[in-house]
Amino acid sequence: MIDLGKYAGTVLAAYGISVLLLVGLVWHSIAANTRARRALEKQEGRKDA
Amino acid sequence: MLALLTRDLRLATRAGGGFGLGVAFFLILCTLVPFGVGADTSALRPIAPGILWLGALLACLLSLDRIFALDHEDGSLDLLATAPLPLEGTVAIKALAHWITTGLPLIAAAPLFGLLLHLPAEAMPWLVISLLIGTPALSMLGAFGAAITVGLRRGGLLLSLLVLPLYIPTLIFGTELIRRAVASGDPTTPLVFLAGITAGVVALIPFAAAAALRVNLR
Amino acid sequence: MSLLAVHDLAVSRGGLRAVEGVSFTLNAGEALILRGPNGVGKTTLLRTIAGLQPATAGLIEMAEDAVAYAAHADGLKGALTVAENLRFWAQIFGGEVGAALAAMDLEALADRPAASLSAGQKRRTGLARLLVTGRPLWVLDEPTVSLDAASVARFGAVLRGHLAGGGAALMATHIDLGLEGARELDLTPYRARPGRAEKPAGFNEAFG
Amino acid sequence: MSIWEYANPVKFMRTSGAILPFAVAGAVVCTVGGVVWGFLTPDDFRQGSTVKIVFLHVPAAMMAINIWVMMLVASLIWLIRRHHVSALAAKAAAPIGAVMTLIALATGAIWGQPMWGTWWEWDPRLTSFLILLLFYLGYIALWASVEDVDSAADLTGVLCLVGSVFALLSRYAVLFWNQGLHQGASLSVQSGERMSAIYRYPLYLSMLGFLLLFVALVLIRTRTEIRRRRLAALQAREMRA
Amino acid sequence: MLALLTRDLRLATRAGGGFGLGVAFFLILCTLVPFGVGADTSALRPIAPGILWLGALLACLLSLDRIFALDHEDGSLDLLATAPLPLEGTVAIKALAHWITTGLPLIAAAPLFGLLLHLPAEAMPWLVISLLIGTPALSMLGAFGAAITVGLRRGGLLLSLLVLPLYIPTLIFGTELIRRAVASGDPTTPLVFLAGITAGVVALIPFAAAAALRVNLR
Amino acid sequence: MSLLAVHDLAVSRGGLRAVEGVSFTLNAGEALILRGPNGVGKTTLLRTIAGLQPATAGLIEMAEDAVAYAAHADGLKGALTVAENLRFWAQIFGGEVGAALAAMDLEALADRPAASLSAGQKRRTGLARLLVTGRPLWVLDEPTVSLDAASVARFGAVLRGHLAGGGAALMATHIDLGLEGARELDLTPYRARPGRAEKPAGFNEAFG
């Protein structure tokens, strides 16, 4: 493990928050996309039926 | 009762930005203040508690018309009034929902915005405490104002005029709490008053608001 | 036993009495249809009986928590689905949703947000709310507005079922619902005559 | 083949579907690579280990501005050429831009604590970013509030246009209002103290990573919007029938 | 054009408090501030110009929804759009009417409220001048925001969120004008910028606002 | 010469075309009545011709500033009197108020604030506005809603006067105004068929 010195908290907080935000954004994008795809498939399936 | 609360919360999250708009407005206000009064810490620090309280108050104020207006327009309010819920309970629940959607996010965001205004670190917990105790009174008084103006067109400015004077005691004791806590470490007196006002408002205002609502429904 | 008894009722709107001297009783299994030209005071009378406004004079006798009211506005939340809308009222009144959805043929629409419904579909959802309340006395203000013929028939069947199950209905409507045995009450003769009332309905009468 | 043809939703879905795996792979490799590499760089003699923050801070700051510019371009394409997908792309990009702005603000604020001894300073650069965040929030809120998509697309387009002008104006106003303590652009060549290579290369990689991440996300989100529109269109047609 | 202006002004006076409400709100805000930030001169004096500007800005903000909303509800806006007036002209006139009913009273009242906040006497004329030059831009930008949100329910908070960021340059140059005038006696630069922004806004924003209005009318 | 010529017009609402392929001309002295069931697109068509929304396809030929539009909403200001309301529009359009008041029998009401009028009186004021505009082409959306029989007859007379004076009228109405020689156009056959359009009317067609 690398030594971050006296600024460990600062650096880790910055990385932590950024990663959290990015992961949240990615997760939201993918989840919304999946939801939209499912809903659309359901609708188109029903239309064909 | 719980059903009403969950419905209102669900509506706030579904209908786009119920939670976010108030905080966003709060953020804008906190951004604008330094443009007005100058950016140096010495200018901002003393006024920070007041500005934060004012910002919370205005953000709360601007979302008040949503408490009853939408339900009135689509007829839900009529139906709620004939439902087996006391109208006082409905009012209280709606004020609670307003507090959860507006007050709580504001309280959560307040320390962050405190940073922007250079609020000293030792004041932060007191800021949160004072808001936590004081904002329920804001929501409840706001519900009263909203109940009075529910049928009116352009209730906005009128609602502000009715409600703002009612907010003055809460505002005074809220900021005084922070100031005394930082200055002398003993915020007991304003804390007691603040809590007293909130308790009194939460206990009594629902009756006044329900009465106003009944008048506006008939 | 009668579900609703109205004695010498006067109701008012805008500070002036609209109709006065109205009396009737409504027993379990009965339906009463209010008639009269626009503006005579049907809506006002129904709102008074639903408890939304005080009666100016007279007496309304009924059990507490007996009324379910359905107005022009359906009180639907566009952001919620049909099922969510009904479930909310079910939680408030303690009824159940499934049967109501089936009765008004809403199962296919249950998961659609109410905002995306057409006017008639919205109306059907609003009427399904009545079933969810479990209340015996339905007070209905033009319940069939914007419904097509098939839906009107379906609602008529629901209404007959409600009456057969010991319920009652008081409604204002201009169309024929096909309810045999429903009584009618024309409000025109009860239109309030101006004049000094013992108890003014509002400023307009007190100073009139 | 004209670039405009990509605006056709079907074609966009097909093309973006083909590009997407590469964009995602590139975004993952470059972002993770750049950020990890950055994290492993040695400490700076002045800033200590905090220098590692730059590999998040600068790419995020860069993207925050560039995404707004992309939204402006997409809005203009929608307003002038009426290509529906570009309106949806602008809508899809806004939350990404807002998050980038937030990351720049958050990392900057955290960085400022040891460097300047304060979480926040009303420095022009920082203030401008706060204002940029406000514009993002307003834009997103407007999209969320207008029910009719056609109106929403037009209104947000106009707002983006006017907002861009005022974001720029605000930047000058803020510069006029307060002098800053934020460093200048040390990547640019003319500045004397150019960032040394050990920091520069991971920074380039991480910037590329953030760019690819944006591309991947904006594609995914635009596809989401297209699917939602298609669903709404089918339902609207069903209802009209 | 003139007919539209006189109609709007007449409506503002008839319908109860068009002129007064904004000033009343301004007054409440100015009275709340000392409660919030403490009442001593040394605390108030430096922030007074900023507070006054912020107060004017918020009072202006709260009355914005009236610019188009009422005309939209009763159908007048449709009729105005088909009338032989360019919609841009209509927008400009309505913004002007808003300025006359809200901005002018605020400007007239500002020195009075400046006294409340211990604004130094030499700053008074500059306060008035800066408001006089800056507030037309506020009204015009507000008309733009109102045009964008005209059809929406609960436009209030959204309108603020859209409009306030646009107010930032005006606010900065307006308060900077007062500050520099008092400090160095030479407010030329901010004055030029302020006037430039107002001129630009008044010249160009009507087109954007009319475009937004057309979208909302169709 | 024709006051209005419409060629192959398609109009849309909510991002979908409502009617398409509509063509007609309207000469001075003619009246054309649009018919069709609720929701077919009459209001949409009228608003398009009035210039409130763009046509999705097709051509509308007419002189600039020829149209006076009257919608469901009257655009009255409750705080102003009837005369003040009309005078405002007279100043905008350059017409005159006196004749309009007389034509719609509003002289007795001229100084009453519009807020205190009944629905029918409000409607009459809204129709009087048409006379004040001095425009040749009237585009009317259900002009007689909430008018009683006498007022409908009076409006019919005003309309005939307008046509006789070289004007024209395009209107959507469900009742009979007693205009001999008025043509009718049923919009039902022009209802838009879903399908890929060259130029989508909005998102709903572009993605449908």
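Chains here go by letter, A, B, C, D, E and F, matching the order in which they are written, and residues are numbered from 1 within each.
As a working rule, contacts are C-beta pairs under 8 Å (C-beta built on N, C-alpha and C of every residue); 3 or more make two chains touch, one makes a residue touch a chain.
The chain lineup, named per UniProt: A = Heme exporter protein D; B, E = Heme exporter protein B; C, F = Heme ABC exporter ATP-binding protein CcmA; D = Heme exporter protein C.
These figures come from a predicted structure and were not determined experimentally.
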Neighbouring chains shared between chain D (Heme exporter protein C) and chain E (Heme exporter protein B), ordered by label: B, F
Which of B-D and B-C has more C-beta pairs touching across its chains: B-C
Most distant chain from chain E (Heme exporter protein B) by Cα centroid: C
Separation of mean Cα positions, chain F and chain B (Heme exporter protein B) [Å, integer]: 47
Separation of chain A (Heme exporter protein D) from chain F, taking each centre as the mean of its C-alpha atoms, in whole Å: 53
Centroid distance [mean C-alpha coordinates] between chain B (Heme exporter protein B) and chain A (Heme exporter protein D), Å: 32
Junction residues of chain E (Heme exporter protein B), two or more chains touched: 73, 158, 161, 164-165, 168, 172, 218
Shared interface positions of chain D (Heme exporter protein C), touching two or more other chains: 131, 134, 137-138, 141, 145, 177, 230, 232, 234-236
Which chain pairs touch, all of them: A-D, B-C, B-D, B-E, C-D, D-E, D-F, E-F
Residue ranges of chain F in contact with chain D (Heme exporter protein C) within the complex: 14-16, 194, 200, 202-208
Touching residues (chain side chain D (Heme exporter protein C), partner chain C) in the complex: 147, 232, 235-236, 239
Footprint of chain E (Heme exporter protein B) on chain B (Heme exporter protein B) - complex, ascending: 17, 21-22, 24-25, 28-29, 31-33, 35-38, 43, 46-47, 49-51, 53-54, 58, 62-63, 65-66, 69-70, 73, 153-154, 156-158, 160-161, 164-165, 168, 171-172, 175, 179
Of all residues in chain B (Heme exporter protein B), those that touch chain D (Heme exporter protein C) in their complex: 16-17, 20-21, 24, 27-28, 31, 34-35, 39, 41, 115-116, 118
Chain F-facing residues of chain D (Heme exporter protein C), complex: 9, 84, 148-150, 153, 226, 229-230, 232-234, 236-237, 240-241
